[in-house]
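First, the structure itself, so that you have it in front of you.
Which chain is which? They are A, B, C, D and E, in the order written, and residues in each are numbered from 1.
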Amino acid sequence: MSKLIYLVPLFPLIGFLVNGLGRKALSRSIVSIVGVGSVLASFVVSLLIFLEVKSPGFTPQVITFFDFIKTGKLQIPFAFQVDQLSSLFLLIITGVGTLIHLYSTAYMDEETAPDFARYFAYLNLFIFSMLLLVLGANYVIMFIGWEGVGLCSYLLIGFWFKNDAYNDAAKKAFVMNRIGDLGFLLAVFWMIARFGSTNFADVFAQAPGASAAVLTGITLLLFVGATGKSAQIPLFTWLPDAMAGPTPVSALIHAATMVTAGIYMIARSNVLYNLAPITQNIVAVIGLATALFAATIALKQNDIKKVLAYSTVSQLGYMFLGLGVGAYTGAIFHVMTHAFFKALLFLGAGSVIHAMHHEQDIRNMGGLKKYMPVTHITFLLACLAIAGIPPFSGFFSKDEILTAALLKSPVYYVFGVIGALMTAFYMFRLYALTFQGKFRGTHEQEHHLHESPKAMTIPLIVLAILSVAGGLIGIPEVLMKDAHRLQSFLAPVFAESQPGGETVSHLSHSTELILMFGVVAIILIVIVLAWRKFSNYTKTTETSTGFSSILENKWYVDEVYDAIISKPLRSFSKFLNNVVERLAIDGLVNGVGKAVQYGSRQLRLIQSGQVGSYILIMVVATVLFFIIQLFWKS
Amino acid sequence: MAEILFWLLTALTLMGALMVVFSKNPVHSVLWLILVFFAISGHYIMMNAQFLAIVNLIVYAGAIMVLFLFVIMLMNMNSDTEPQKNKWLKMAGAIAGGSLLLVLVAALKDTDIKTRSLSGAEGNIGLVQELGKVLFTDYVLPFEISSVLFLSAMVGAVVIGKKN
Amino acid sequence: MLSAFDNFPALLIWLPLIGGVIAFLLKNEGSVKTWALFSSIMTLIVMGVSLMYTEPKDYLLNQVSYIWLKDLGSSFGLMLDGMSRILCLLTAISFPLIFAATWNTHYKTPNAFYGLMLLTQCGLMGVFLATDALVFYFFWELALIPVYFLASRWGGEKRIQAAFKFFIYTFAGSLLLLIGILYIYLKTPNQSFSLVSFYNTTLTIQEQGWLFWLFFIAFAIKMPVFPFHTWQPDAYEQSTSAVTMVLSGIMVKMGVFALIRWLIPLFPDAVKSYDNIVIGLAVVGMIYASCIAMVQDDLKRLVAYSSIAHIGLMCAAVFTLDHEAMQGVMVQMFSHGINIIGLWIVVELIEQQTGVRKISELGGVAQKAPILAIMLVIIALANVALPLTNAFVGEFLMFSGLFRFNIWYAAVAGLSIILSAVYTLNMIKNVFYGNTNTLTETFREITVNQRVILAVIVVLVFMVGVYPGPMFQLVEQTTDVILKRISAK
Amino acid sequence: MPVNYYIFLSVALFCIGIAGVLTRRNAIVIFMCIELMLNAVNILLVAFSKMHHLAGLAADAGSRAGSEGQMFVFFIMVVAAAEVTVGLAIIVMMYRNIHSVDINFLNRLKH
Amino acid sequence: MNAIILSAIWGVVMMYTGVVTKKKSTPKVVAILGILLLITANWLEYAGLPFFNVHTGGMLAFTSFGLVFNLVAFTATLFYFLLSGSDMEDVGDNVADYFALIFFVLCGVSIATSFASLLMLFLGIEIMTIPLYILAASDKRNLKSNEAALKYFLMGTFSTGLMLMGIAFLYGASGTFYTEGLNLGFGSLTPMVMAGMVLLMISMAFKVSAAPFHFWTPDVYDGTPTVFTSFMATIVKAAAFIAFLRLFENAFGKMHSEWQLLIAIITALTLIIGNLTAVFQQSVKRMLAYSSIAQAGFMLLAVFALNNTGKQGLILYAAAYSLATIGVFAVLIKMKDYTFEGFNGLAKYQPLLAALLTIFLLSLAGIPLTAGFFAKYYMLVAALKNGQMFWLVIVGILSAAVSIYYYFRVIQAMYFKEGKDPEIHVSEGFKTILLVAALIIIILGIHPDWLLNLLNN
C-alpha cells in the first residue's frame, strides 16, 4: 500500500492542474467535484496507508522516486517517508482538508466561476504542498513543501487581490515566512556541510557524532524556520493579518495545517533537538512567551477572525512549549486536536460571517444562537474543547503539555496555566458576544440571518464530533492505564528521544489529578465570568485607555517592527539608491569620464596657437630630456 | 698666432650672433648675420676647409642673405615696425636657451676627445679637387637626390608665387 | 577523425552570422522578421541535434580547430563541452523567444535591427565555444559591438549616453583582459593562444596575482559585479526590450562563463588567495542591489538590480570552488537567463499596452489579464527561487557551497532571499493587483502567440525545476575537470 | 686648438640661435636665427671632419677620412638654400595676406 | 631604388603634365598611372628585379621591411589619389604641381625607408617635408593655410637644426654617418653619443608628432587644405615612423636600454596628450589631428620595444591607420561642415558611406575584426615581449579606452542623431573604392598574416 503513496499528493496536484488550467471552461459543479474529490481521494488513500502503518509489524519506509539533485557527492532524492508521524499528518491534512473543501463549495459560491476555480486550484495546490512537506524523506523535499505552503498561503490571503490591504497582508505573510525559510535553508546547508546529506535517516544517524555547537546551531536555525511558519515570536505578526483571506482558508491553512508545519518539523527532528538542550529551552521559552503574549492580545480583539487568529498563535505557542519540554507526543496530540477545534471555530466563524454578509466585528453581532442553531452548538463545543474542559479533546492534549512542562519547571507550568485561563476567557468572550445576548447589527443584516447550507454545516458537525471525541485517543495514564493510544502509536518515531517512562513517573498520580482538576475548576470559573460579563454586552463608543488600549493595538508590535526594521531598511535603501549608487559609485564612474573631459579641456589650452610657445616647450622638454638622460643612471 | 686668430674669430662670431638676435632693425640683423658668416668662413679656412669657406661666402653670405635683404626691403621693415615680445616671454626664451647651453656644456664637458688638437694645416680634403672627387664618386647619389629637393623647392616657389 | 559532430560548433557560429548578413539585405519588415525567426529556429535545431551527441571523455580533446593565424599561434578552436552546451542552448532558445515575443514591436530600419541581433547571437555563440584565447577575445568584442548599436539606435531618450557608458565601460574592461591574454600568451611555452597551452602554462604567484585582477575586472564589468555595475541599470532601462533581454539574459552570462573557463583554471593560486575579497564583494553587492531594487519605481530598473543580485551569487559561488556550487552556477546560468527573459517579456507586454513602466502608475492588470498575471507570478517566483522552479536548484546549491565556504557569507547573502521576496511581491502587488486605473483600464489579455511564448518559458521553468538531473549530467564533467585542475595545482 | 673649443663655440652659437628663435617675433629674424643654428652645426661638422682627418692621417698618409663631414656640410648648405626659397616664399605670401610677418598674428589655429 | 628614381621622374612628368594639358582631370589620371607604376616597380624590386644599378656608396639599403612599407605607402597613396585626387582641384589651379610635389614626397618616403646613412636620412626627411610646407601653403588666400604653412615651416626647420646638431655629435664621436658604423662603434653612451642620440630622438619625435614635440600637428593639420592633411597625416607620418625605427634599430640598437626610458616617457605623454586632447574637440578634422597624435603614441611602442614583432606591427599599423584615415578624410573632404554636428544623421542619407566610415573608425579605435585591432595587438605584444616598463602598456590600454570616446562620437552622430541632409555628392566609383578600402581593412583584421608574411621573404 505504501507503494501507492505517490497517489496522495498526486490527486490534489491533478485537481490543481485541472481547476487551474480549466478555470474558464469548467462549471462550478465540476470544479467542486474535482476540488473536493481529489482531496477526498487522497484522504482515502491516506486512510489505507494509515491502516497499514497501524498494523503490527510495520517498519517505516522511504520510497524514492528519482534523484531531485544529484551532483558530486551530494544526492538529494525525491523520496517520501512513510511512518507513523507522516501518516498521522496525512490523515489530519486530507481529512480536515476534505471537510474544508466541502465547506468552501458553499462559502465561496458568491465568486465568479473563474475565481471559484482559481480558489479551488489554490486550495488543492496547498494540499499538495502540505503533503509534500509531511511526506518528504529529507529536509529538501520538506522545504519544497514548506515554501509551497507559504506560496499558497500568499496566494489565498491575497485571493481578493483588488483590495490593497489584503495584498499587503499576503505580502507580509510571504516575507515573514521567507525570513523563517532562510533559517531553515541555512540549517539544511549546515546539514549538508556537516553530514553530507539531508535525508532524515542519514542526518539522525550521524547526529550524535556532531558537536553540541553544530547541533545547537542547526536546531536553532530550524527553529527560526518554525517561528516563521508557525507564527511564533518574533515572526508571528503575519498570521493575524492573514485573516484577510477567505475564512475556510484561515481554517485550513492558518489554523489546522500549515501553521503546524513548524511543530511537525521539530517533532520530525526530535533526534536533533534532544541532543541540543539549549535549543530545547529556547523553544520552550519562545513557545510559552508566544502563548501568553498572543493570549493577552486576543483578550481585546473585536474581529471574530482576529480573536481566533491570536488564539491560534497562542495555541501554537503551547505546542512549542510541548516540544521544548520534550513532550513530542503531546505537541502532536495538540496539533491534532487543535486542527479539529480550531478548524471548527474558523468554519463556525465563517458561517457567521457568511450569514452576516461579511460583517466580522463581534460588537455588531450577538444573539445568533436562535438564527443559527447548528453553528451555535458546534461553536460552543469547540469553545469548550479549546478551553480545556474535560472530556473534550483540548483538555487531554493541553493537559499533557502542561504536565510535561511542570516536570521541566514549575514556572513553565504556572505561566502555561495562566495562558489556559486567558484562553478560556477570550474564547467565551467571543462566544458570548457572538451568540448570546441581543442582536446588535442592522436590521438589514438581521433580516438576512439564516443558518448556513448543508455543505457548510456538515463539516461543522463532523468537526464537532472530532473535537469532542478526538481527545479520547490520548487519555493520560493517570485516568486510564495504557489508554494513550497516540503515544504508543507514535512511540517508534520518538523512540530515540524518549528517555523512557522515568520522567512521567516523577509526578505522583495524586498530585497530577489534583492539579488537573484544580485547573479545570478555575477555568470553569473564568468561563462563567466571561459568559456573564459579555452576554449582555451593549455597544459603547468610549475608546479604551491604558493597558487595554495597548492590548487592543496588539502591543504595537507591528508599529515597532515598522519603526525599527521596515522604515530604516527603506530609508537605508533610499540612501543607497540616491547617495551611494548615484553619487558615490556612479559618480565615481562618471567622474572618471568627467575628469577625462576636464583634463581634455585644460590640456588643450597648452595648444595656445603661438609658435613661440610651442618652440619654447620643445626647448624646455629638450633640456629636461638631457637632464633625465644625464642623471637617470646615476 | 693661430690661437689669437681663433679667439678673434670666435669673439666675432658670437658677438655677431648675439647682435643678430638683439638688433631691433631686421636689416641690421641681416648685416650682423653676414658678419657671422664671414667669421665662420674664417674658421673654415683655419681648419683647412677652403672649399666650404668659399661656398659659405657665396651661397650664404652672398645669395641667401641678399635674398633676405630683398625680402626685408620689400616689406619695408625697420626697427619701428618690429614687433616686440613681452619682457617675460623674452626672458623665458633666453633662460630656456641658456639652460640648454648649460645642459649641453654639462653633457659635453667630459668628452673623451676634448683634448684632441685640430691645429696644423695637414691634409687636403678641404680642397675643391678632393671634395669634387668624393662628391662625384661616393656622393653622387645624394648629389642627384638633392636635385629633387631643388625641384620641389622650385615647384613650391611657383605654386606659392604664381598669381591665381 | 572529423565526425559529423565536429561541425556543429562551427555551424552554431556561421548560421547566425549568415542569417544576420541576409537580414541586412532584406527590405520588407515582415520578411525580415520571418527570416530572423526562421534563422534563429534553425540555430536552435542545430543546437538540439548537437545535444544528442555525447561528450567525449577528455574534455580538452573535445575541440575542433581550424587553421587561422598559424604564425601567431592562434587557431579557430571551438569546443562544445557541457558548459558550452548549456549556454549555447540558452542562446539558441532565447533568440527565437525574443523574436517571437517582440514580434509586434516596430523598429525603424528593421533589417538593421534584426541583422544586428543575429550578429550578436553569432558573437555570443563564439564566446561560449572558443577554446582559443584570441578567438575568445574576438567574439567577446564581436558580441559587444552589435549590442552597442542596438542599444544606441533603438530605445529610450537617454539611450545614446547609456549605451555609450555601457560600451566604454565594458570595452575598457576587455582591454585589460586583452593585456592579460597577451601576457599569458607570451608565457606559453609554444607561443600559443589555445586553451590547452594556457592551462599548461605555469605562472608565478605574483604574475597570477595581477593577471587575476585584469581578468576579473573585465569579467566583473560584464557580469556585472558590485561595484562595477552602474552601467547596467541605465543600459537596461534605456534599451528596447529585445536588446535588454539579450543583455540580461545571455550577455551577463558571458562574464560568469568566462570566470569558469578562463579565470579559475588559469590562476588557481590567485583564486585561492583572493577568494575572500571577491566573494565579499559579491555578497555585499547582492545585498546592496537587493536593497536598491526595493526602492525602484521603474520595472526595468527593478529587474536590472535584481539581476545584479543574482549574478552576485553566481560570482560568489564560482569562487567557493565547491563542486556542487559550481554545478549550481552552471544550471543557474541557464535558469536565470530563461527567467529574466520571461520577466522582460512581461515588462514589454505591459509597456506595449500602457506605455509606461512606472510601478506606481500601474495597477490592477491581473483583473484585465489574468493569464499574463499568472505567467508573471510564476516567472517572478522562479526568479526569487521558489522550490520546484528552475532557479531554486541552482541557488540552493550555490548557497550551500557558499555556506561550506563560510557560514557568515551565506548568512548575509541569504538576506537577499528575503529582500528579493520583498521587491518581487511589491512589484506584483503594485502592478498586477489592486484596482485598475485609467492607464490599465483598457488593458487587454495577451494574445495566443504571447501565451505560447510565455508558456514555453514556464514549461522550461518547471522542467528544470522539477527534474534538473539532465542538466547536472551535462555539466558534471566540465566542473570535474576544472575543479580537478585547481586541486591538482 | 683642442676640438673642445670648437664644440663649445658651436654649442654656444647653436644656443644663441635657439634663444633668438624664442625671443623674436619677426618670422624673418626667426628664420635667420635658424640659419645661425645650421651654421653652428656646420662649424662643428668641419671641426670633427678635421679631427677625424688628422686621426686618419696618423694611421695612413693617404687617408681621406673626414671628407664625409665636409660633404655633409655641403649638403646642409644645399638644403638650407632650398629651405630658404620655400621659407621666404611662405613668408612673403603671408605678408601679402596680412601685411605683417609677426608670428603672434598667427593664432587662428589653436586648442 | 626603383621607387626612388621612378617617383622623382614621375614628379617631373607631373610638372610637365601641368604644362601640356589644361584639362583639370588629366593630372589625376597620370598620377594614378604613376602610382600604379611605382607599385609595380616596387613590387618587382621586392621580388628581386631592380631596374637600376646605381652606386649608392652603401648609403641606401633595401630591406624587405622598407620595401613592404613602400608597398603599403604607395597602395595607400593610390587609394588617396582615387578617393581625393579630384578634390585637389578645389584647392588651387596647380593641380599637376600638387601631384608632382606628392611624388617628390614619395621619393623622400622611399629614401627614408631605405637609408643607411644619416646623410640620406637627412635628405630623405627634407625631401619629404619641404613639399609639404608648400602643400600646406597651397590655399594661398586662406589665412589658416598661411598660418599652417608658416608654423610648419618654422618648427620644421627648427627641428631640422636639432637633428643636424645631433648628427654632428654622432659624427664627432664615431667619424662616420653610416648607421651600421654607428651601431658597431657604440657599446656605451659617451657624452657625445648621448647628446647626439637625444637630439636625434627629439627631432624624430617631432617628425612623428610625438609629445611634447607634437604642437605643430593639430594646427598644421587643421590649417592645411583637408585634401593634403589626409596625405600628411597618413603616409608621410608612417614613413617618418619607419625612419625612426630604422634609425634607432640600426644606429642605437645596441644601447637600447640606455634610451628606453626616454622613449617610454615620450610614448606615454603622446598617448595621454593625444587622446585626452582629442576628447574635447569640436571639429572632426582637428579631432583627427589629435587622433593621429594618439595613434603615433601606439606606433611609438614599436620603437620602444625594438623587436621583430614591433617591426611587423608597425607595417600593419601603417597600413591600417593610413587606409582608415584616408577613408575618413575622403568623406570629410566632401562634407561642408567639419564639426561633429555636421555628421548628424548621415546614416539616414548616406547609409553606405556611414557604414564604411564606421568600419574605418572602428579600425582606428582598434576593435577586433578590423586591421586596427591587430595593429594595436602587435604593438602591445611587442611592448610586452620587451618585458620592460609594463606601465606603458597600461597607459596604452587606458588611452585606447579614451579614444573610443571621440571615435564613437562620429558614429553616434551618424547613426543615432537626427540631422539635415549634408548633401554630399559622391560618385558610385568613390563608394566602390571606399568599399574596397574597408574590405582590405576587414581582411587585414582577419588575416593580418597575409600582409606580414611578405616580410618573411
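As a convention for this text, contacts are C-beta pairs under 8 Å (C-beta built on N, C-alpha and C of every residue); 3 or more make two chains touch, one makes a residue touch a chain.
These numbers were taken from a predicted model, which means no experiment stands behind them.
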Chain pair with the most C-beta contacts: B-D
Identity of the most central chain, Cα criterion: C
Label of the chain whose CA centroid is most distant from the centroid of chain B: A
Chain B-chain C separation of Cα centroids, rounded to whole Å: 71
Distance between chain centroids, defined by C-alpha means - chain A, chain D (Å): 97
For chain D paired with chain E, centre-to-centre distance based on mean C-alpha positions, whole Å: 27
Centroid spacing, where centroids are CA-atom means, of chain C and chain D in whole angstrom: 66
For chain E, residues that touch 2 or more chains besides their own: 119, 123, 126, 130, 133-134, 137, 140-141, 150-151, 154, 158, 172, 194-195, 218-219, 405
Sequence positions of chain A contacting 2 or more other chains: 593, 604, 607, 609, 611-612, 615-616, 619, 622, 626, 630
Shared-contact residues (touching 2 or more other chains) in chain D: 3, 7, 14, 17-18, 21-22, 25, 31, 47, 49, 51, 55, 66, 68, 71, 75, 79, 82-83, 86, 89-91, 93, 103-104, 106-110
Pairwise chain contacts under the document criterion: A-B, A-C, A-D, A-E, B-D, B-E, C-E, D-E
Touching residues (chain side chain B, partner chain A) in the complex: 85, 89, 92-93, 96-97, 99-100, 103-104, 106-107
Sites on chain E touched by chain B in the complex: 4, 8, 11-12, 15, 54-57, 59-60, 92-94, 97-98, 100-101, 104, 107-108, 111, 119-120, 123, 126-127, 130-131, 133-134, 137-138, 140-141, 172-173, 190-192, 194-195
For the chain A and chain D complex, residues of the former touching the latter: 604-605, 607-612, 615-616, 619
Chain A to chain B touching residues, read off their complex: 612, 616, 619-620, 622-623, 626-627, 630
Contact footprint of chain E on chain B as seen in their complex: 104, 107-113, 137-142, 145-146, 148-149, 151-153, 155-156, 158-160, 162, 164
